[in-house]
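Please find the structures below.
Okay, so subunit A shows up in both of these, paired with subunit B first and subunit C after.
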Partner chain A sequence: MELKEKLVSSFMAFEDTVDVHSTIHDIRTEAIKSFEAEGFPTKKLEDWKYTSLNSVLKHDYSVFPKNENALEFKDIKKYFIHEIDSYKIIFVDGKYSSHLSQTTHDGLDVCLMSAALTKPKYKVIIDNYFNKIASKDGLTSLNTAFSQEGAYINIPKNKVVEKPIQIIHFSTGNEAALMLQPRNLIVVNENAHVQIIERHQSLTDHPVLTNSVTEIFTNKRAIVDYYKIQNDQQSASLIDNTYVNQKQESLAKVHTFSFGGKLTRNNLNFYQNGERIDSTMKGITIIGNKQHVDHNTLVHHIEPNCESHQDYKGIFDGNATGVFNGKVVVEKLAQKTNAFQANNNILISDKATINTKPQLEIFADDVKCSHGCTIGQLDESAMFYLRSRGIPEKEARALLMFAFSNNVLDSVKIPEIKNRITKIIAKKLGVNIGFNL
Partner chain B sequence: MLKINNLHANVEDKSILKGINLEVKPGEVHAIMGPNGSGKSTLASVIAGKEEYEVTEGNILLDDEDIEELSAEERAHKGVFLSFQYPVEIPGVSVTNFMRTAINETRKAKGLEDMPAKDMLKMIRDKSELLEIDRKFLSRSLNEGFSGGEKKRNEIFQMAMLEPKLAILDETDSGLDIDALRIVANGVNKLKSKDNAVIVITHYQRLLDHIVPDFVHVLYNGKIVKSGGKELAHELEAKGYDWIKEEVNA
Partner chain C sequence: MSKYTEDDLREELKTKEYEYGFYTDIESETFPVGLNEEIVIAISKKKEEPEWMTQWRLEAFKVWKEMTEPDWANVNYDKPDFQAISYYSAPNSKPKYDSIDEVDPELLATFEKLGISLDEQKKLAGVAMDVVVDSVSVATTFKETLGEKGIIFMSISEAIKEHPELVKKYLGTVVPQKDNFYAALNSAVFSDGSFCYIPKGVRCPMELSTYFRINQAGTGQFERTLVIADEGSYVSYLEGCTAPSRDENQLHAAVVELIALDDAEIKYSTVQNWFPGNAEGKGGVFNFVTKRGLCEKNAKISWTQVETGSAVTWKYPSCVLKGDNSVGEFYSIAVTNNYQQADTGTKMIHLGKNTKSTIISKGISAGKSQNSYRGLVQINARAENARNFSQCDSLLMGNECGAHTFPYIEAKNKSAMIEHEATTSKIGEDQIFYCNQRGIDTEKAIALIVNGFSKEVLNKLPMEFAVEAQKLLEISLEGSVG
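Right, the complex of A and B next:
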């Protein structure tokens, strides 16, 4: 059976296992209809021209893992940013793992979506925020239809959360092939500040497909720093659909580090509903073999005096393919918008490919918008210069690649994350040096 | 120390060096002069191991070892240093961290541990004083936005840090004002010892007033056509290169 049919036909059974009387029953029902109509995206869609899901949809995925699988912290410690104290919301094969997690209701809510969707005290928040900015496309609808588990984070007014929150989804490989659909809701109220780290990690080489949806609401003057560490097995694929709705003077920053996975698609959408908003998205992609990473970004400038900054660096080796499709829409009302976009790429091998496409739709007349994309090779004269100083070829190459991506690393505010990313990059480049540029 | 025998080299099938013979002994300073396009920079790059150049005949011996098969980094580990005519700008890598990487990679190649951070800092401080380099300069990205003089001073700073056996200074005087020239030359002179050697490549005699050569060679059309003492540089300064060309072509 095709995956689509399998999912549609299992919807009734899914609804039976959860609460049919839930407040979101109608939303789920609408969503499955919409998925049924839209299906999975194909290359015929303009936004999916360079990314085909065929190779990841062909597996016979378990869509509802049956067993709760226990993991020992010591075996998976390395996937945590364990050097710092943090809240943790941990899932194993899609099921919440209480013994790996550290949640709280003490002055803020760091807990589970399943709880938020069923407990009456969260009803107002769910009514106000759930599925309010997620789009109605096939993949997001599919996630909405099956939305049940994930992270629920609600930071009250003026709360500065000292510890970062780590959301990690592990898959154990107990299923031959597994599909996961985490659903996260993050509400950051006025003048609150939170840092979040998200990671998806498969522990075997069994195929895993994750179709994740995250809705983030940053209210007036709120600050959100979000780090996505994508360094999964090359049998795992991720479709990340993230929607950020910003109110006035809020600041939202999303860093996406893409090194692993078979196919990774990041749909990252920012909606600026207020003045003097700052939206920043930065990314480093370093892939090889037959890996594929697609960054599809949208910034919707709706009101005046806002800024957006995009800076994506990509390094592609082997037969890897990269896509960057950055759309910036500036509405007529959004005067004095400053929108910057840069996408710089290095192709290491002759067989690597990058498709980069900036898309600017500007309806206001008093704005500053810039975009630039470059595709190049490593500078041979720089290589000779470094090597003539005694730096071996591999290290020289790595040093230049670090330097190339350095300004993205520079804006990482948590030193432990920066160190971790530096180490992952060094490992990826096969060098044993931690450059402290 | 360095012995070059009948060296021929091509770049993209174009013959540039056509039979160079040169011997440099420890403690010596050699100047290589010559008109534009005579092959001076090519000779420097070939000795340093730039891969675009293909040696078609002859060889280069460093301490009696043929270095043709060695990579640029392996030659650097054996003590060859090239001060670039046009140092490359590398945004995102600070001077300090670049030097730390270069020194520690060189030590690694020799089977030594990384240099302790304290020693490294002291060395950086001492050598930057020698070249009258502001400390702030060391945290800037390598060569990025440096003036011509700063780039050249930074090259000699790197030389001071790496303590090479054989230093080749490729047009280090170009783009330097008189003060910078004095600082650079002073640095080179202080680094000179009876165990190392310097090859100065230049158009003009000006630098040679400060770094006094034991031998002067004239390179023309891919060959050393004339050698002499330091007085040859004065003669070239006074008379230009035409008389050499005439002599060769006659």
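Right, the complex of A and C next:
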């Protein structure tokens, strides 16, 4: 594979440009070796049975963008949740943009991975957390090998972060084709609470491939609320690898909203290393055209008395393909586990496809585990009810779809995000409902 | 000492060749171990098969050589050495025991619990029987009744000779020779099996089991079954036996093909209770089966499976719903205890319009066993108004076993309605307490609860079998109360 060779050979050049202490160097070298051995995943792998990367990998991506491109805030304002005050970490073509960002070191660290990897004062954290839960598969290894830039967030004990943190990656189309590999590390200490919003946005129709890795550590009783908004151009593809390591009594919630992009693959992995942990994964997927969205989730119940909730809704139109591959593993020790998994889908078009594979692997007996999955259409009698009350077909359909995805929307804690998502959905469905749902 | 020269070597090779050679004596009762083309041809010759059949087997063998053993199933076992197996041994005509007193008392105790008649017990345990007249006459009566209706029911080797046109037309159409590793192996070396043809519009007057159970001698390890239900006909076919069979064959790779033509219905029930290995997980049968049915227009195929035996089971009875309005059903209970492993499930391939499928799978794991459900529901683009309902429930007994669910659902049509649900639970202490309180001991209480859990599937079995299957569940789970 051409891209693979290009990446492997450009690793040498990359190593020259970064000056880091030896442990990171070792991790990177190890990672590139593992990428060389593993390569990009193919459909032969069980986890990639329904998603082929071939169409995405054929472009000649530039790995290190040369020119910097300045963006004006007013041009890109619409991609922010700008109604609320927030910390912002903004990247343009993979480079940090200081004038668009708002970082802090005051009581908490919201800053850059490049700084964290090089400055001695972060060494302890990096040694303890960096690359500790990321898996060794090809794509994650590739990211690890080239890990340099991204967000670094460290919330100290008992700190409730008063405003959300937005991480946005813009690509400007300066290069014919661009490959980005952001690497984020988020450490949330005891009793701390943080809300994070992540978005990847391409501003032109040049192909962009983002291979992102995020490691999240939630310590005792910490709360993390994470929102991923994926509403990119038809030319952009995203492979998102998120690893969450939870300690006792912590709560981690990840909402994924997938509305756009050529190919989106979300690898979401939760590891419960403590008792009484709650992990929640929710998602709404509404796509059409030739879009492809693949949700691949894993919840690993290692200790007793924990819970996990998964709820994914999908609406597929046009030639879209939706994949849900959810896995719940309950270890022998993890008695009294409650694990729920739901995946509901609606097919609008005859050319759309849904492949779903909700899996349970259970080794403990005193557990409550269930999964449910449905594929169907909008309820005709409900449709008739709305139509008989004078609501036009398109609006009636949209209302039913809102109702379908409502319990995911309902659990969004930031009202501005909820509004934004509602608007995006309304736009996707081509309706103006004129009121807030 | 004289030097060992090249000539000596040549001489030695020559003698060797003479000693063992590549010639196989088809008169002998058991073939030498190993598998090559000669063996395949020899099996075919031994069974006096026509040339086309030999070729068919050879084709399968050619494909098999190129294939590798699958390892995707959620089971662990030492792979059998395919060159260490003897691929043909004639059914043993010599009785194993002279009188029933010599039979393992444990086995007899199980027979007793299952309520199997003394004659049958003898037959099953391999005891010489002095009065066979009775069963022969019963079998003959059956044969007459079936013959009147035009139903063909015989061993597949007989069918190859007597009805080559039917066998030639249908054999391998549902499970092609190259379908998978074990199907290819089976196609090359299958020893025997059953063939059943129900003519147009005929409703088979009896469960084809009764006959089967009396008449069936050792079918060998590579069984091939072909059931054809012609337009508008109905047949209920029962395979296997509730009685534990102490078969020394390690590997069983059977192939079952069902063909339901327009408006036909086939009900295929299986009870499998092969030797599961001892409590330490030593020994036991590997059961790798390929079962598939093809439904034409308005046809219906219903699989009912009760699996309690075998050390490793790997079995996915499937339905290809090709015709419009066809229906596929799958009801299964898989019980694993001790070190048993089961990876079972079904495939429902919806091709025609208005096709319907139902999957009810109940898994019960006890001891240190692993029980997996693996299923595929596929709705193709042209399968309008396809409907599927799947339910997979697992019951865990003790905390050293595992229950796993791997459903694959692929929908390519917007009018498809698919529901899938799975639950995992254990027997509640309150349920047992409730029973105890009413004077039912714990062992009986568990049997009661398990029965309730599997009722939906047991109800689908033919009457007398359902009763036996119920007892079988009880016996399989004996001693697993934690």
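The rule is short, and it goes like this: the second predicted complex is superposed on the first by the 428 of 437 C-alpha atoms of A that agree within 3 Å, B and C clash if a C-alpha of one lies under 4 Å from a C-alpha of the other, contacts with A are read in each partner's own complex, and residues count from 1 in each chain.
Throughout what follows, a contact is a pair of C-beta atoms (placed from the backbone, for glycine too) under 8 Å apart; a residue touches a chain by one contact, two chains touch by 3 or more.
Quantities reported herein were computed from a predicted structural model and do not represent experimental measurements.
A.B. asks: Looking at the overlay on subunit A, is there a clash between subunit B and subunit C, or do the two fit?
C.D. replies: In the arrangement built by aligning on subunit A, the partners subunit C and subunit B fit side by side.
A.B. asks: After superposing on chain A, what angle in degrees do the C-alpha centres of subunit B and subunit C form at the C-alpha centre of subunit A, to the nearest 10?
C.D. replies: The C-alpha centres give an angle of about 80 degrees at subunit A.
A.B. asks: On the A-aligned overlay, A:Leu108 touches which partner chain: subunit B = first, subunit C = second, or both, or neither?
C.D. replies: So A:Leu108 meets neither subunit B nor subunit C here.
A.B. asks: When the two structures are overlaid on chain A, which partner does A:Ser381 contact: first (subunit B), second (subunit C), both, or neither?
C.D. replies: It touches subunit B, and subunit C stays clear.
A.B. asks: Which partner, subunit B or subunit C, touches the larger number of subunit A residues?
C.D. replies: Partner with more touched residues of subunit A: C.
A.B. asks: In the superposed arrangement, which partner chain does A:Ile229 touch: subunit B (first), subunit C (second), both, or neither?
C.D. replies: Neither: A:Ile229 stays clear of subunit B and subunit C.
A.B. asks: Who does A:Ile354 touch here: subunit B (first), subunit C (second), both, or neither?
C.D. replies: Touch status of A:Ile354: second partner only.
A.B. asks: Once the structures are superposed on A, label A:Ile197 by its partner contacts, choosing first (subunit B), second (subunit C), both or neither.
C.D. replies: neither
A.B. asks: Please state the minimum Cα-Cα separation between subunit B and subunit C in the superposed model, rounded to the nearest whole Å.
C.D. replies: Nearest C-alpha atoms of the two chains are 15 Å apart.
A.B. asks: Which subunit A residues qualify as touching subunit C in the complex?
C.D. replies: Where subunit A meets subunit C, its residues are 46, 50, 332, 335, 345, 347-377.
A.B. asks: Which part of subunit C faces subunit A closely enough to touch in the complex?
C.D. replies: It comes out as residues 72, 379, 381, 394, 396-426.
A.B. asks: Help me check something: in the complex, which residues belonging to subunit A touch subunit B?
C.D. replies: These residues of subunit A touch subunit B: 379-382, 384-393, 395-396, 399-400, 402-404, 406-407, 433, 435-437.
A.B. asks: Going by the contact rule at the top, pick out the subunit B residues touching subunit A in the complex.
C.D. replies: Those in contact with subunit A are residues 48-52, 71-73, 75-77, 80-82, 84, 87-88, 90-94, 97-98, 101-103, 105-106, 109, 158, 162.
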